[in-house]
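Shared between the two complexes below is chain A, which has chain B as its partner in the first and chain C in the second.
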Partner chain A sequence: MRMSLYVPGTSPLHRAGARWKLAALLLCGVAVFLTTSVAVLGPAAAVALALLLSVRAPREQLVRQLRGPLLVLAAVVAVAALTESVHAALVVGLRLVVLLLSALSVTLTTRTSELQDVLELVLRPLDRAGLVNASAVALAVSLALRFIPEVFRQFQEIREAQAARGLRGSPLALVVPLVIRVLRSAEDIAAAIDARCYPPARTGDLDRHERLSGKAPG
Partner chain B sequence: MRITLHGVTVRFGTRTVLDALDIELTEQRIGVIGANGSGKSTFARLLNGLVLPAEGTVLVGGHDTAKDVRRIRRQVGFVFQNPDNQIVLPLVEEDMAFGLRNTGVPRKEIPGRVREQLAHLGITALADRPSHALSGGEKQLVALAAVLVMRPETVVFDEPTTLLDLRNRNLIRDTVAALPQQAVVLTHDLDLLTGFDRVLVLDRGRVVHDGPPRTAVPWYVERCS
Partner chain C sequence: MTARTRPLMSTQDIVLIALFCAIIVALGLIPPVNIAIVPVPITLQTLGVMLAGAVLGPVRGACACALVVLLTVLGLPVLAGGRGGLGVIPGPTGGYLLGWIPGAYVTGLLVKTFALRVSRRGPQLAAYFAACVAGGLVVVYAIGIPWTAVSTGLGMGKAAVGALYFAVGDTLKAAAAAAVAHNVRRSYPIEPR
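Right, the complex of A and B next:
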């Protein structure tokens, strides 16, 4: 199970800044709903496909990532064609294709740490107002992406251990040891984060790290 | 670096885990051995302020862990037993950058520092790999690299070879042996202590033997038999 989709590379999208990619994705998401013209949406879908192919992600990863959403998309298009019209189905399908391919292009070319930076930037006004700790929220999102596969691995270990002893199909028997394991891990993870000098020298302002360079170790 | 424990007692609830320790650590290679529950992990966590004493003081390079924990955590790196819980970000190089970002290292310096450290440990190829997809030995090396990239003066290892196979155990042993930093190593793996300057044996929260490996290890083995 893999939550972080990032694929290393040197494509233009890899080199583009995360904040610009996310802003463009947001604009794209709005723009596709401002038109119902297949003559506009068709080329937009082609551009989105070209962008995705420019990333040069492994084919099997693309297939794995797209298979599920495309099945859902096909169902949505079929329902739209049956209940409304072929044109309406085409519009819905093309909009979703543009969004799906664009979003996948962004996630394939953007590291979690870059997303973390953008999230901190977006939350900065709330941080300054004292409403949230932007750094903590961004770290929490990164931790979720990092540890969901670990929780899934622990879930599989517990399930296999129980199956080996003949216990099957008991959700409670799976969930209780899983929660205990996760809580134990959480203590160690918190200690590991503390040991590496978290929270940052100053929180919530990315530029301020630069000005602390004189205090950097070694 | 000089690490001094003055009358250090640690309690968890009513249980005394470490009892009135008075020790000075100045050697380059220090081993800590003892049975499970002897207080080794708590001892290790005292050295970079992850645990604070209920009584007494821990001075690291003259700084009190209770008062100057941030400075001490820059000076004393900590490698945990289970790297799965130490690697906190999805990609290897992101995880290595985590501590540098926290300590205010300029952003443009970070990639160079990360690459340099990966190359030093011979794991450059892991830079872009997802952390959870690494082997046990690779994870332990990445966890070590993420600590070393912060350039600590001392590195504390909490049973670094416990979860590893023989090949990876040897790899970690050689890596620890080659470190220029002071190292404090908690272990059940007595072979790891070969060449160390000093070994402390802990039992029920007290240091019951303190000497070079050639005397401390046989003493401990005999006590356990």
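Right, the complex of A and C next:
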């Protein structure tokens, strides 16, 4: 399975820095809610569409990402047109189109690793203030990326095992053994990570030093 | 010094959070059950959200859901049907996704304070179910519905009608999550945190 939505390419959007793209996206998200003028939102939607097309993503991926949201969008516009006014429907529709297309353009042109760098940049001040532990977040993200295919593989394994015994159960009968397997493996994985001293201890991280030198209980 | 001020998270907690995040994503990959007429697929992803709270407890459950949100924002196709990306958050359904985090917390808190104090099977299952409904439905909808209303400019009433469509499926999923969490706890109990 493909784990990222990134599409390789050399378009201007590909070459732009991830943090600038995200900052622009954030501003754009605020801006579309500040105006109700179709004269502004219409061209904005056209620009967003042009941006998305400049990415040159494969059509099937665009269809897959846009089909669901566009159905919701169509329903919303229809309800707004019927119950309020055509103008309100247009504003709502264009707003969501701008958001949807510009965000998708950024998603398609930015590597996950680049986004992770931006995440680290955002977390750094919070980490310094003691609000979050940036290295724990980074560890959790990379573990999750590693485990998603693994958990899915285990799910299919359990399904095959049950089918071999003639059980053609609901997905629910699969969830219990899946969760138990996962909980059981967590202990081993945690021991393996601790054995490798990851995440690396930071200066001033007393708790970890104590634990590594065996002074702390547990 | 800083280690003293922040809540302690052991490596095992981080691993459990990451693994449960992977379960939530994997449940979204299972081919969805289509309810006829309306083209909205019913997936088991929200089942995973309720389970995260009910099995891991409030803090780790909420962290697992926050990790799913983070992966979505990082542009990974982790949501049901292979969707993801930044556009999900400001979209009409973004509030439901964000609502998972407090939803799992509330489910975990209720399981911890009520369900685990009951010893008889029947009442315990009922307490699990109530916790899953409170967290997975009430809290998630309480954030999702106003979010839809703001994002689309429709009134709260219309957004709520849209949500009602999912309520039936979500109630069934809460019942399923209660049964699964109860079973898991009997065969492999871990301390909820």
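We take it that the second predicted complex is superposed on the first by the 143 of 218 C-alpha atoms of A that agree within 3 Å, B and C clash if a C-alpha of one lies under 4 Å from a C-alpha of the other, contacts with A are read in each partner's own complex, and residues count from 1 in each chain.
Keep in mind that, in the parts below, contacts are C-beta pairs under 8 Å (C-beta built on N, C-alpha and C of every residue); 3 or more make two chains touch, one makes a residue touch a chain.
Every value quoted in this text rests on a predicted model; they were computed, and no experiment measured them.
> Could you tell me if A:Val63 is touching chain B, chain C, both of them or neither one (first, second, both, neither)?
neither
> For A:Glu150, using the defined touch cut-off, is the partner it touches chain B, chain C, both, or neither? Pick first, second, both or neither.
Both partners.
> Contacts for A:Pro8 in the overlay, against chain B (first) and chain C (second): which applies, first, second, both or neither?
first
> Determine, under the contact definition given at the top, whether A:Thr112 touches first (chain B), second (chain C), both, or neither.
A:Thr112 sits against chain B and chain C alike.
> If you tally the residues of chain A touched by each partner, is the higher count for chain B or for chain C?
C
> Examine A:Ile193 and indicate which partner it touches, taking first as chain B and second as chain C; both and neither are also allowed.
Both partners, chain B and chain C.
> Looking at the overlay, does A:Ser185 come into contact with chain B only (first), chain C only (second), both, or neither?
Touch partners of A:Ser185: chain B and chain C.
> Once the two structures are superposed, pull the chain A residues common to the chain B and chain C interfaces.
2-4, 6, 112, 143, 145, 150, 185, 189, 193-194, 206
> Where on chain A does chain B make contact in their complex?
2-4, 6, 8, 111-113, 142-143, 145-146, 149-150, 153, 185, 188-189, 191-202, 206, 209-210, 212-213, 215-218
> Write out the stretch or stretches of chain C touching chain A in their complex.
1-6, 8-12, 14-23, 25-27, 29-30, 39, 44, 47, 51, 55, 63, 67, 70-71, 73-78, 81-88, 90-93, 151-154, 158, 162, 176, 179-180, 183-184, 187-188, 190
> Note which residues of chain A are touching chain C in the complex, please.
Those residues of chain A that touch chain C are 1-6, 22, 25, 29, 64-65, 68-69, 71-73, 75-76, 79-80, 83, 88, 91-92, 95-96, 99-104, 106-108, 110, 112, 115-116, 119, 130-133, 136-137, 139-141, 143-145, 147-148, 150-152, 155, 171-172, 175-176, 178-180, 182-187, 189-190, 193-194, 204-208.
> Under the stated contact criterion, what part of chain B meets chain A in this complex?
45, 48, 50, 70, 73-75, 77-78, 80, 82, 84-91, 94, 97-99, 101-107, 109, 128, 130-133, 146-147, 150-152
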